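The letters A, B, C and D name the chains in turn, as written, and every chain counts its residues from 1.
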Amino acid sequence: MHLAQFVDHIENVFYMRLEWAIDDFIIPKERIGEYFNTLYAKKYNMTFSVHFSNEKARMAIFVSKMSHCLFDLLSRYSAGEWNVEIPLIISNHPDLEPVAKMFGIPYKIFEINKDNKAEQQAAMLQYVKEQKIDFIVLARYMQIISDEMIAQYQNKIINIHHSFLPAFVGAKPYQAAFDRGVKIIGATSHYVTAELDAGPIITQDVVHISHKDMPADLVNKGKDLEKIVLSHAVQKHIENKVLIYKNKTVVFS
Amino acid sequence: MHLAQFVDHIENVFYMRLEWAIDDFIIPKERIGEYFNTLYAKKYNMTFSVHFSNEKARMAIFVSKMSHCLFDLLSRYSAGEWNVEIPLIISNHPDLEPVAKMFGIPYKIFEINKDNKAEQQAAMLQYVKEQKIDFIVLARYMQIISDEMIAQYQNKIINIHHSFLPAFVGAKPYQAAFDRGVKIIGATSHYVTAELDAGPIITQDVVHISHKDMPADLVNKGKDLEKIVLSHAVQKHIENKVLIYKNKTVVFS
Amino acid sequence: MHLAQFVDHIENVFYMRLEWAIDDFIIPKERIGEYFNTLYAKKYNMTFSVHFSNEKARMAIFVSKMSHCLFDLLSRYSAGEWNVEIPLIISNHPDLEPVAKMFGIPYKIFEINKDNKAEQQAAMLQYVKEQKIDFIVLARYMQIISDEMIAQYQNKIINIHHSFLPAFVGAKPYQAAFDRGVKIIGATSHYVTAELDAGPIITQDVVHISHKDMPADLVNKGKDLEKIVLSHAVQKHIENKVLIYKNKTVVFS
Amino acid sequence: MHLAQFVDHIENVFYMRLEWAIDDFIIPKERIGEYFNTLYAKKYNMTFSVHFSNEKARMAIFVSKMSHCLFDLLSRYSAGEWNVEIPLIISNHPDLEPVAKMFGIPYKIFEINKDNKAEQQAAMLQYVKEQKIDFIVLARYMQIISDEMIAQYQNKIINIHHSFLPAFVGAKPYQAAFDRGVKIIGATSHYVTAELDAGPIITQDVVHISHKDMPADLVNKGKDLEKIVLSHAVQKHIENKVLIYKNKTVVFS
């Protein structure tokens, strides 16, 4: 039904995404992966995954106190635009519980302070796994994700960083952008890796600013960028249109 | 005729640009600066400059081997769009001499190697001063400007850097952008200061790219950004619409 | 506290927006308009309006079946970003009642068919006036607004049209854009006047498309444009930063 | 070496662009078209064309009085960026002859007034054919192209129109944009057909404007759009990456 391909002549890697109908397909649905592996993948040293459009992935959202990305994700979900289930919102603060309630989604708080951090991170990971979460969206979640969770959800955790990476890594990028006197601000959605704000980039966008914009204006203008950039990345991920190799992504249209 | 103003409430600085007609002005033209200084500037601790629209600033262009920015600058100049004189193009290579000839502009080569660097830089500075150059545009000039020249042309040297600063400072930003896997590339025009690619930013813009773009594609797509971003910055400088405070610019529209 | 001004030399009109604190202001708050009118407005033939930041305007939202703009408006409202009250959502369909309920806002249905149109429009107008609505946002409301309502809410009804006006006026602009083979699609927010899609434009934006985008893709890509363009226009209106003269707007930053 | 394809499921048309090396190709170079036609094109009712990268197409540029697009085209040509020959510039005015001379390109004037129009158009067509011109670029040429020339150069004449088509067809689009009070202006490059400004669109872009921009500002801001949009379209045409079906283009990346 759809075929997209790309050859990276520098890394010498071939990427392909193929969508087809399985009615009357002679291999049983549950053994397609096995057959493909036996007949092709092993032989050609391929990495592959198989997804069925009638099976919805389970997505968890992590938030802190800002609601704009959460609302944007949930409004698309609630409008039925995404082939996904969102059974869980996790936060380190109670602030956004009312939003979760509006959309009827369980909201679980894992308060984190410097004494309980390791313990709470372990509890979060266990809980996420119990809930059979397939991938995680950090919708302005202002805590570091544990290495253990990153390892177990490799290329399955999508973050939004409020700058055009690799500029302004880390905390307070809008203040840093203001201090540097840039004329554009940006937002970047990427997969989370062990190194802060350095994982494979999925989507990026910018907006022009001027000397009239104070740090508070950058925060406000940035919100619209952040939510759209994050939602576009999540949509590509849900559609299985993002392939990853080393630290870069192929994003099919 | 035109008035623009801006208050920076954080630094507590007031900026104003005022354009007026001097027909029937009671202060003699050549003493306006002196009068303003005596009556207002000293009293209120103001920094100011006076420019007359019938006096054209003298602009030198420094180039190396790439012609796209040079052509863009000269085509605007040649079309009479800019109130400026361009009496001089300087290069470390002979490659663009034919372009200078096409436009009838003297082209002076200062070859630079590691043995003659200090000497050539001194000669360039002396030559530029002899030619009464008011400001310098680095149109993809691939040599470091001497501290001495930067000091003598403070906020008078405009560079184009082929990335969205502060990302990808220094050499080979397109290769670095490719290696990082960004989804946008950019260009930044800024005043040159002693610290590399860290001076006050005048204009910036970006263009979207995808995984299909190899380093050579980034170079090609970047060229159009670079020339437009640089020319817009030069235009604002020529129109005396850029005010500088600390390491930031106010750019009036 | 803030002052913005603009002189239209072609129409010979001066526009100003002034924000100030009224603590210790010698004219009583409720008589500021009267004083200003007596002392200045009459004399200089000025049009003016006075707004107090502690008084929230009452905004009604009209919707049909699509939820993306409604969610975007309500998520900003619910996050406390806007100095406004939204006491009422009106629709010609029941579809979005659940969204209104989520945010705790009354939802009133005025079903419209060709037999009851005039009658229902009259009822809507009466209801809106009873509810003391100050301005109306058409968040993809797919019915024509009556001339009577337009007359009574002059420059108080904000619409989002899903094209870059003046191209593709009227119904099905995405299909028309597809048929024409354009390489960009757009969205336009404007005040509603008696002539369809011809009122004063407040905000516009576009997104690039390619031959790969089918009409359904344009609809999807357009949704993000529509909601951001509409919300930005509504925000400017709420902040009283939009001044209107003839059929054009001055939008202060 | 490169393969790009696209299926238009609505028109039910398949498009493909294939680049390959002909060293050791068993069909003689000059008979590839014939073989392909016999073996495939007839059978499957295909339209096709064959181009060789060592054969440069001959491009004529038509201009009137504005130089910005001409300079942009010629600076790319002169930098060796394009696989094309430009043996001829045609104009209805003498103004840009100095630019043609700078680049060493013959400049031929066909003055047009209401009495000699048909005659001059016929002479132009004859001249262009004598010069074996393959395609024509209208770089702000302000005269109507004759139906005869359009017929003989079908999908071979590229125009730049200074608006985001289909808005502001015809003369003075910047004035029309100003009068309408739009917040963006645009430029559109398209193939010329018998109907004015209605041919297949190749590239489009826009820039944001504000109430502060007077018609003269729109003209200035538009120039940068026009030249980049036109040059990008010409580049795609030179690379044989534009396929046309009915009134729309497929533009391969």
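General observations
Heads up, the rule we're going with is that a residue touches a chain if its C-beta (ideal position, glycine included) is under 8 Å from a C-beta of that chain, and two chains touch if they have at least 3 such contacts.
What you see is a predicted model, and the numbers here were worked out from it, not measured in a lab.
Within the contact network of the assembly, the step distance from chain B to chain C comes to 2. Its interface matching that of B-D in over half of the contact pairs by residue number, A-C stands out among A-C, A-B or C-D. Rounded to whole angstrom units, the spacing between the C-alpha centres of chain A and chain D is 42. Mean C-alpha position of chain A lies 33 Å from that of chain C. The set of chain D residues touching two or more other chains comprises 208, 210, 212.
Judged by the touch criterion defined above, the protein chains form a single closed ring in which each chain touches exactly two others. By the document's touch criterion, interfaces exist between A-B, A-C, B-D, C-D.
The residues of chain B lying in touch with chain A in their complex are 6, 8-10, 164-168, 180-184, 186, 200-206, 208, 210-212, 214, 247-251. Put simply, chain A touches chain C in their complex at residues 67-68, 71-72, 75-76, 78-79, 81, 99, 102-103, 210, 212, 220, 224, 228, 231-232, 253.
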